[in-house]
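This is the structure I have questions about; it appears just below.
Note that the chains take the letters A, B, C and D in the order they are written out, and that residue 1 is the start of every chain.
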Amino acid sequence: MTEKLKLAVVGGDARQAKLCNLLANDGHKVCAYALDKATLSEYVLQIGDISTLTQKFDCIILPVPVCSDKNRLNAPLSAYTYHIDELFSLFPPGQTVIAGRVNNDLFTTAGRSGIRLYDYLEREDFTVLNSIPTAEGAIEVAMRELDTTLNRKKCLVIGFGHIGKLLSSYLRGIGAYVTATARKFGDLAWISAYGYESIETSKIIDSLSKYDIIFNTVPALILDEKTLSHVRGDAFICDLASKPGGVDFNAARALGLHTVQALSLPGKCSPLSAAAAMRDTIYNILDEWRD
Amino acid sequence: MTEKLKLAVVGGDARQAKLCNLLANDGHKVCAYALDKATLSEYVLQIGDISTLTQKFDCIILPVPVCSDKNRLNAPLSAYTYHIDELFSLFPPGQTVIAGRVNNDLFTTAGRSGIRLYDYLEREDFTVLNSIPTAEGAIEVAMRELDTTLNRKKCLVIGFGHIGKLLSSYLRGIGAYVTATARKFGDLAWISAYGYESIETSKIIDSLSKYDIIFNTVPALILDEKTLSHVRGDAFICDLASKPGGVDFNAARALGLHTVQALSLPGKCSPLSAAAAMRDTIYNILDEWRD
Amino acid sequence: MTEKLKLAVVGGDARQAKLCNLLANDGHKVCAYALDKATLSEYVLQIGDISTLTQKFDCIILPVPVCSDKNRLNAPLSAYTYHIDELFSLFPPGQTVIAGRVNNDLFTTAGRSGIRLYDYLEREDFTVLNSIPTAEGAIEVAMRELDTTLNRKKCLVIGFGHIGKLLSSYLRGIGAYVTATARKFGDLAWISAYGYESIETSKIIDSLSKYDIIFNTVPALILDEKTLSHVRGDAFICDLASKPGGVDFNAARALGLHTVQALSLPGKCSPLSAAAAMRDTIYNILDEWRD
Amino acid sequence: MTEKLKLAVVGGDARQAKLCNLLANDGHKVCAYALDKATLSEYVLQIGDISTLTQKFDCIILPVPVCSDKNRLNAPLSAYTYHIDELFSLFPPGQTVIAGRVNNDLFTTAGRSGIRLYDYLEREDFTVLNSIPTAEGAIEVAMRELDTTLNRKKCLVIGFGHIGKLLSSYLRGIGAYVTATARKFGDLAWISAYGYESIETSKIIDSLSKYDIIFNTVPALILDEKTLSHVRGDAFICDLASKPGGVDFNAARALGLHTVQALSLPGKCSPLSAAAAMRDTIYNILDEWRD
């Protein structure tokens, strides 16, 4: 992105603050709004006057997720609260807006006002780039929680989507034994092709007692009470699936299993890389739009 | 597949012959037709009477590709020729048939006769499993053609589809430096996530002189005359894309470049694994169909 | 080790305590002495009476390092202090003793009393097994300290001994770019053979500004003031060399560099694996001795 | 090596011929002797007059191995034969000479005449660099011999020296399952640390029937008649150990086992890389000698 852009970054947490700095670093003109409690680089313009958002920007950048509840902007680094529809009513027609986890209502609002609204989470580039800190974060969590090395541990990775693929690759890379699971024959073929052991997700119960470490990436109750009863007492379970997650945590507690629900790892473990994933996706969107 | 099946394998080359043996080995009852010149295991029943195909089989297995030209069965291991429509007219309604590279006409024929016809090539499991011998075969070809090791060679893999993904992984695994290309931002993100260098396919010309070995997997004329003029004189080019391929071979010859068009690697380099990929896909199809 | 042994574990920290449990778990008879503040498995016999050590054991196991200062047993989990020579004077002639970082005086003492004394640190098996938690621990430290992922970071590993070899392998395994350094041509050849970039340790200054993360494994002042002045301001330095280490920490501080001295990683990050490394080495020593 | 040298390359096969060209390519003055049937680059001076060797060169480069039988220079690319002692009698005192597989008699001859004689095979750098084409060559041989892919095959690598280490790494890199064997506990620890399965070489017989492919790197009769009787009938054995090798080939034949004795792989599979390994080692020797 050699062209210099005029960008507004509105709301969000530490990742969004770091994003301001990364964008300013690249030479773009960056206005920050609803980030009044964040410490930003001197090259970022903190704006207090909401009417600034009626100007045309090359892009207005909202957080992931865009709302903290149904209608309120996700803005933990602001002293104030903002109604999302109110914000959208300010944006001029034709304005490009990028946000994360956009619901249908908001797409409707945008459509009515002629606003070009993109959702990070519907893009493969963002999903992949954001899976890297998740997979690395999972390894960091396991290293921190365990009094053993991961080397030579028998690891089970449940699900072979974006996170499962990278996590399997990284685990083997540090000398762990990897078995991955999938439901679809195509994914099972991928697991084999990379040289991991493969089992069908629905059949894990039969071999579950073999594993030292179990990572779940599937957002469904895979590790229910019955399944958990087959896990070895000294195993470690790390649930990476978004809430409500894939583990019956009450049952796990009752069984005395060592279990961690590891959520929002990109923001917690690698906020700068997570911000860079947003930046790269923004550039890609603006690039495509131009063609 | 614990259940014993009644299967007919009709036509095809050495892979199809090996497939007969693999299936018989698993305990199934296997009839071979239009394979009269193949030497098969004693447990496979060679049938000469075409009317046998009017019986109901659990599955009738045709070759990949199913036709050698528009209407003729691909049957290089038979002394006879067979019209594909004639064969289909024998199959009873409801018969399950698996074949490779099925054209629309044949799907129509099958539809009209109530035949359940599946194409291997539309299945992710087969495509992945068949990419393994292609990627390994590409490495074998490069090892055979070059008077150097692949270790520490700068390799460019054009295209990050099934073959590109596996080939990149295997090349790095033997100590080569890998740069992979893609057109889509999502694929470029995958390339980075696995730790390879990434460039956009459309921009390879700028850095092409860096590479010792260039593998093309994209079925489009990527390496045209102008692009080839940027390849180093001592580089090696291996084209894996199906005909007409991705290299202007006349231009490459005129430039004195060392170039190989490596086609049909699974059948040439690893026919037994290629047959096993067919067998696994057949089992998967019959499994799904049952559920 | 199927034969059941009579073992005494004397002194040491949490690793040594875990070692008691591991050995008892394998069915051996384990007496613990100078571990009076440790909570041990019920199958380990805590002994208070020093005269028990006059009995013949299959092996008496002392800590790594064996002394906390010149003459005192390293026994942080005991309320008492012990003179090392006094202990040795109790052991019967012919007794097998294993300890870590044994100095010449102690070898002399042992030799005079007819005691078979082995030093863990002179054994390749222990050194390798103990390097695994060090290499993994280095990755854990970097993950914890950095607000970025390690993926795609340019990492420099100074020194290609046991830790350097494993750390390079693990770093590449999680998608980092690895350059390793060595002094000897043979080690530089190994670096190339594994597909890493190689540079001579004495020449790192020229390219030092390229690296995002620098791991030092060489116990010599490699990163002195002048060399540090070539490190990028946003780089991270992790010193793994034992004290006094390989980094001029005052100079690093003055330059505002992000630097961590990561010592004793096996005991801190993976005490159970560190204890298992001791156990395996003990079994190997007793095995060899038998042959 | 920026300094321009005056070098004589005497005798040897295709590797030695390629070495002439590589050295001339680097700008050195290269005289070739006893290579009269080789086609060399125009920048290499073919000399016919043996008295030229009485001049002082920066280095005289003899082949690997230096003798074809006890006293004759290994010179398959010459129409003539040369007595090794006669050659040495020409070299001036203080001359640096590099050769491969030097026997004691020749070292004595050199010592008496004040000649600095180095053996490639006693150097770690050459041994490692020469193991790369051996390990890759072993993979090429296996790919060529087998009608299956190596991916997911259970491979046994007997011996964890230079070749065993690299071969294990490359095999896993292309998706094979690797078990490696060693005799020493230290090497067994290395095998584990890299994440391979390990077994003691003396105990392979118990699990030998598990393996699809067996690579032997140990120059001792490991796979004798009794051991071979435990190998699966459809397994492939590749013996990489120098003659007489590690396999009882008569017994293997009697058992109908698919066995290949793969000798001199660097020269056969990757002569240019093998020549480059020689060149790099020569530069390293001259470098060290200078310090």
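Basically, a residue touches a chain if its C-beta (ideal position, glycine included) is under 8 Å from a C-beta of that chain, and two chains touch if they have at least 3 such contacts.
All figures in this text were calculated on a predicted structure; none of them were measured in a lab.
Chemist: Farthest chain from subunit C, going by mean C-alpha coordinates, please.
Modeler: Result for the farthest chain: B.
Chemist: Count the C-beta contact pairs for B-D and for C-D, then tell me which is higher.
Modeler: Between the chain pairs B-D and C-D, B-D carries more contacts.
Chemist: Express in whole angstrom the distance between the two chain centres, defined as the mean CA positions of subunit A and subunit D.
Modeler: Centre-to-centre distance between subunit A and subunit D: 51 Å.
Chemist: In angstrom, rounded to a whole number, how far apart do the mean CA points of subunit C and subunit D lie?
Modeler: Averaging C-alpha atoms per chain gives centres 36 Å apart.
Chemist: Considering subunit C alone, which of its residues make contact with at least two other chains?
Modeler: 132, 151, 169, 172, 174-175, 192-194 - these are the residues of subunit C that touch more than one other chain.
Chemist: Please output the residues of subunit A touching subunit C within their complex, sorted ascending.
Modeler: Going by the criterion above, the answer is residues 18, 132-133, 136-137, 139-140, 143-144, 146-151, 169-170, 172-175, 269-273, 276.
Chemist: Spell out the residues on subunit C that touch subunit D in their complex, using ranges where they run on.
Modeler: Per the touch definition, subunit C meets subunit D at residues 123-129, 131-132, 166, 169, 184-190, 192-194, 280-281, 284, 288.
Chemist: Quick one: which bits of subunit B touch subunit C in the complex? Just the residue numbers, please.
Modeler: 151-152, 172, 174-177, 192-195
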